[in-house]
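One chain, subunit A, appears in both complexes that follow, with subunit B as partner in the first and subunit C in the second.
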Partner chain A sequence: MRRLFPIVMTALTMAVTMAGPTIAADPTLSLPTYTPAYEPRTVDERGLWMEADEEERLLRDSPLRIREGKLEQYVRDVLCREVGAERCQSVRVYVMEVPEFNASMLPNGCMRVLTGLLLRARSEAELASVLGHEFGHFELRHGLTGFKAERRTKDRTAWLAILGAMSRTDITDTRISLLASFYRFTRDQEAAADQMGLRYMATSGYPARTAAEVWRQAMAEQDASEIGHGRTPRHSYVSGYFDTHPTNLNRAMALEAAAARMPGGGEARADEYRAAIAPYLPRLLAAQIKTYDVGATDFILASLAAQSGWTGELLFARAELYRARGNPRDLQMASIWFRDARAAGYAAPELDRDLGLTLLRNGQADEARKALNAYLAARPDASDATMIQTLVATEQ
Partner chain B sequence: MNIPRSPALLALAALAATPALSNMLVPPGPRTGIANSRLSATPASEWNRLSHTDGKFTEVWTIDGDQLDKVTFFGGVARGKALLREVDRKHHPLPTVKASMLITDIPVLLETTYRIRGARQMTIDTQEPAMLGGHKAIRFTYHFTLDDEVRRKGEGLGALVDGKLYLVTYEAPALHFFDKDVARYRALAASITL
Partner chain C sequence: MGQFRIVRGAVAFAALLVCAPLAAQEKTGIKPGFALRPGTARIVLMRPTILVGAQSIGGVNEPNADWTRQARENIALALRQAQANVGNAMVEYDEGASGEGPLATEYAQLFGALADSVIEYQFFAGNRLPTKKRNDSFEWSIGADLGKLRSLAAADYALFITTRDDYGSAGRKVLQMVAAMGGVGLKSGDHTGYAGLVDLRTGELVWLNADRQMGGDVRTAEGASKRVSQLLEGFPGKSSAAVNGAP
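Entry: the complex of A and B
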């Protein structure tokens, strides 16, 4: 054992020294210098932080915040795993119940994550790719540089107007060019944050290629939404003149190209992610269904089902989605999926109520009455029990 | 500053300061043709009818301002029509009244409409059978939050008559204001005839 120890230590030291310089020497993986407990340094930055502190107080006390369980802690853990425990110390995470695919970060380290992002992410790596992007904005001080760029543009535009008026010169083209250069600046910031997020992923072990998949998935959902609304889906590679973000296609391609030059990464941790989100899934699904975007919601459900199979929960959500739209064909399919959900083990009595109401709308009164009576038997004290009783008694 | 002294000039100045469509006092007593429909009511106390509406099927009444208490009449929303004005029909179309609707679908229609228009965490709390102007109706309560994050409570009374939706809702901040005027709303809703 004593002889073995030096050999093992030598091998370990070699492994560490070999692995270390590879990452350190790779310029694509270099991270900004980390300053613990960073404090704002200039008048502008102090002002921004003051505003951010106030905004954070509102977020902290917002009725939209999900305080139940340890969801915020989990999201922060994913970020910490990605950017490292030390950098993570400067961040507070607030999860807000808003069914939109988004997250944002204030200059003072306050991160706001919307539940729409949690519903769409399929693994910790997908969530981390968005969190890393936002953290990139924070660490690169984009809030401050963006504010300065905006003020600079406004100052120049104002001076231009004065000088133009004095010299009787038409300044319209120059003013538009100034504005366009500002929007170009914000797009460059987004691209820089994308690349920084990728570096956090690659250094943490989450597969860097996942970042591009997130945008591919977002485009596919957008297509489904457009088709659902009866329109033709389109994607452009080039951003518009006044777009604040690069196009999704542009981002996906840039991220794919950059990820290809980085280490392959390890586990995306999809199972761990599903387990952590499971207690909140019914709530997230219910909020998404009520967005009334059938195309996008059906796409999200199918994407979840591709991972876990069509569980009772997903079938119930799909039935509710089509029931809400309520065309005759929707009601037909909804009643089938309600029954499939029951067969797949979805046990809540509300399924009987919603199946009964669907059948009633579809003119199948006898079957409807059976389902509604089953609901009333299971939930005699429900807040809508007398309403349902009246329907059972009067609807033919 | 020169202040006009003659009554005619004063009246002219008052007119100039008033928008083209102004809010209007609703005195106690019978009132017909609410929301350009067959809805009639007999308010027992004074209300203010706001000049702005949320769509062509609506009429808004208030006592202290629609942020503090708001009664909305939805008068005869026809099949295929949305409850409120569509802000972004292309990307966020609103749900519409369907021929196969049950009265239990009225709260769902309101909730989905509100959520698309920006309400968060809207929940239907209770539902019970009721009568609206002699027709089978649903009375329901709900709560929601708008962008200002003020917790609001609401109560609605809706019916489907001849394929058209008639609904009256009352909404106010949960803190103090909802309870302050809910009795006046209930008296108003009870006086509705169709």
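Entry: the complex of A and C
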């Protein structure tokens, strides 16, 4: 406690003055030496970069990539604001339409961000905490050291296996402890990247405490998902023998402890984030609904609604989610939410189609026909128009 | 998750000890009746996928940038020299200003999946799907839309080439020798490659040559030339003298 006091005082002083050089002098906030336009040097690193260059071509050309608008530009802007314009020159960002909470980094500075992360983040600071973690992997050259560790482990395991077989010695225990030490190594890398990401946040003025909140939120979503599947949620602090990452609880606590020693930071920029993501929200929601994880999706929707209120888009998404599960009670709720969404200003004619189909399955044929006809009137050339016409005709 | 990893580890371990059985397998397929007369067609060579690396003691692939660059240059040169044997004009793919690069990449990926299917379900005679049972049939297609790419407008056929080489490292070879003394067969190095020709009017795969035991060291000019002649073995319309004449 006595040691903590001067640090807190320094932090407070810095928060007030916000002078760049003073912050950089703080050992808890020191960043790795930066080399502009870094070129890989050793055989291993050059090989990994070459492989990453090939992989990046596939990402660049992937049909899953969201090329529309300036989404990738925006995500990169957040990263640049976090790590500084100079450092972020070495990074390209590719946003991929995958409804999963993740991002990853190739050794050559190619950053892949999944839309599941964009849907879940509630502010630029939350997004930045994950981007900073990935950028930490890049700056600390974790791709290279990780590759070397994997090779070392497998090379030793191979010798053990051959020599063990020849001398009829049971090598199971040694092999498992070798593997375990490799996974411990990858967990250490993740923890190091977490801490590095935190430093980028703190030096850029994004509130560092947000990083832990991201993991707390992830745990709450995990709970909702487990409960939705009829299972009992459980979180452990200690990770398993062969886990690649520390547990979410472990990460949250480590980040909280570290952030407490850092400057408080400025704005999380939640409004700016919401405005930037708004044009893509229907697409992100549609992808999330297709995961058929009712517990997790409902949690995400509620978390979005806590920020913006139940907008027409969110109500429509919720209706679609329940329609997909399709129990009689789900269909009833879905048709109510479809109508609420319309009342809240959700204008797309597809709402009529999906409401019609919901009512039809629920035995409300007359109302269903009305809704389906409204869809056909608005979208006579839709690809499914013929099918919907058939449905309307059969139900008469 | 943890359980899964243990199982996967065990499988990898088993794979390490057992040498892949070299089952009797066909290597070339051609659409019955298909022939390419010299001087009648324009063939576009799609961007070849060429990766070269080493294989560590434990079998980890170690990508090597220098070897890959050498192989790309050598194979490109050998392909240009092989043009005469092919007997038809062969040009390298150029998307130009069409903006069709992403589509071309998708087709390259699709071709990889198609070639893998042919190897799995046609070349392994015992593994044939009911629709591929007949010995005289070769019915595979990448879809007719490939021919609609503007960047391929002037071409009749697309040639796809993939090679993947992992050279056994010194450590791997030592392990292999020691393992052999103990009676365990262990593979050192991995050399696979395939080449396929697609008819751009129909999207049909008219010829495929696939080999999981390729020869020729692609890091050298002579080796690459040998590799290319292996890749183009059985190329429709190629004179038999050309096949024999290759080193």
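We take it that the second predicted complex is superposed on the first by the 364 of 396 C-alpha atoms of A that agree within 3 Å, B and C clash if a C-alpha of one lies under 4 Å from a C-alpha of the other, contacts with A are read in each partner's own complex, and residues count from 1 in each chain.
Rule of thumb we're sticking to: a contact is a pair of C-beta atoms (placed from the backbone, for glycine too) under 8 Å apart; a residue touches a chain by one contact, two chains touch by 3 or more.
Just so it is clear, the model here is predicted, and its values are computed rather than measured.
**Student:** In the superposed arrangement, which partner chain does A:290 touch: subunit B (first), subunit C (second), both, or neither?
**Tutor:** After superposing on A, A:290 lies in contact with subunit B but is clear of subunit C.
**Student:** Is A:242 contacted by the first partner subunit B, the second partner subunit C, both or neither?
**Tutor:** It touches subunit C, and subunit B stays clear.
**Student:** First (subunit B), second (subunit C), both or neither: which does A:70 touch?
**Tutor:** Touch status of A:70: no partner.
**Student:** With both complexes superposed on chain A, which partner does A:150 reach: first (subunit B), second (subunit C), both or neither?
**Tutor:** Second partner only.
**Student:** So in the superposed three-chain picture, is A:58 touching just subunit B, just subunit C, both, or none of them (first/second/both/neither)?
**Tutor:** A:58: touches subunit B and subunit C.
**Student:** Touching A:261, do we find subunit B (first), subunit C (second), both, or neither?
**Tutor:** Neither partner.
**Student:** Touch test for A:98: subunit B only (first), subunit C only (second), both, or neither?
**Tutor:** After superposition on chain A, A:98 lies in contact with subunit B alone.
**Student:** For subunit A, which residues belong to both interfaces, subunit B and subunit C?
**Tutor:** On subunit A, the overlap between the subunit B and subunit C contacts is residues 58, 62-63.
**Student:** Taking the touch rule as given, give the residues of subunit A at its contact with subunit B in the complex, in rising order.
**Tutor:** Subunit A reaches subunit B through residues 58, 62-64, 97-98, 229, 231, 290-293, 324-328, 331, 357, 360-362, 383-384, 386-388, 390-391, 394-395.
**Student:** Help me check something: in the complex, which residues belonging to subunit B touch subunit A?
**Tutor:** 90-95, 98, 100-105, 108, 111-112, 115-116, 120-122, 125-129, 136, 138, 145, 149, 151
**Student:** Provide the residue numbers of subunit A that touch subunit C in the complex, in ascending order.
**Tutor:** 40, 43-44, 46-51, 54, 57-58, 60-63, 150-151, 153-159, 161-163, 165-166, 175, 179, 240-243
**Student:** Per the contact definition, I'd like the list of subunit C residues that touch subunit A in the complex.
**Tutor:** 1-2, 5-6, 9, 13, 16-17, 51, 53, 56-60, 62-66, 68-69, 101-102, 104-106, 109, 171, 175, 178-179, 181-182, 184, 186
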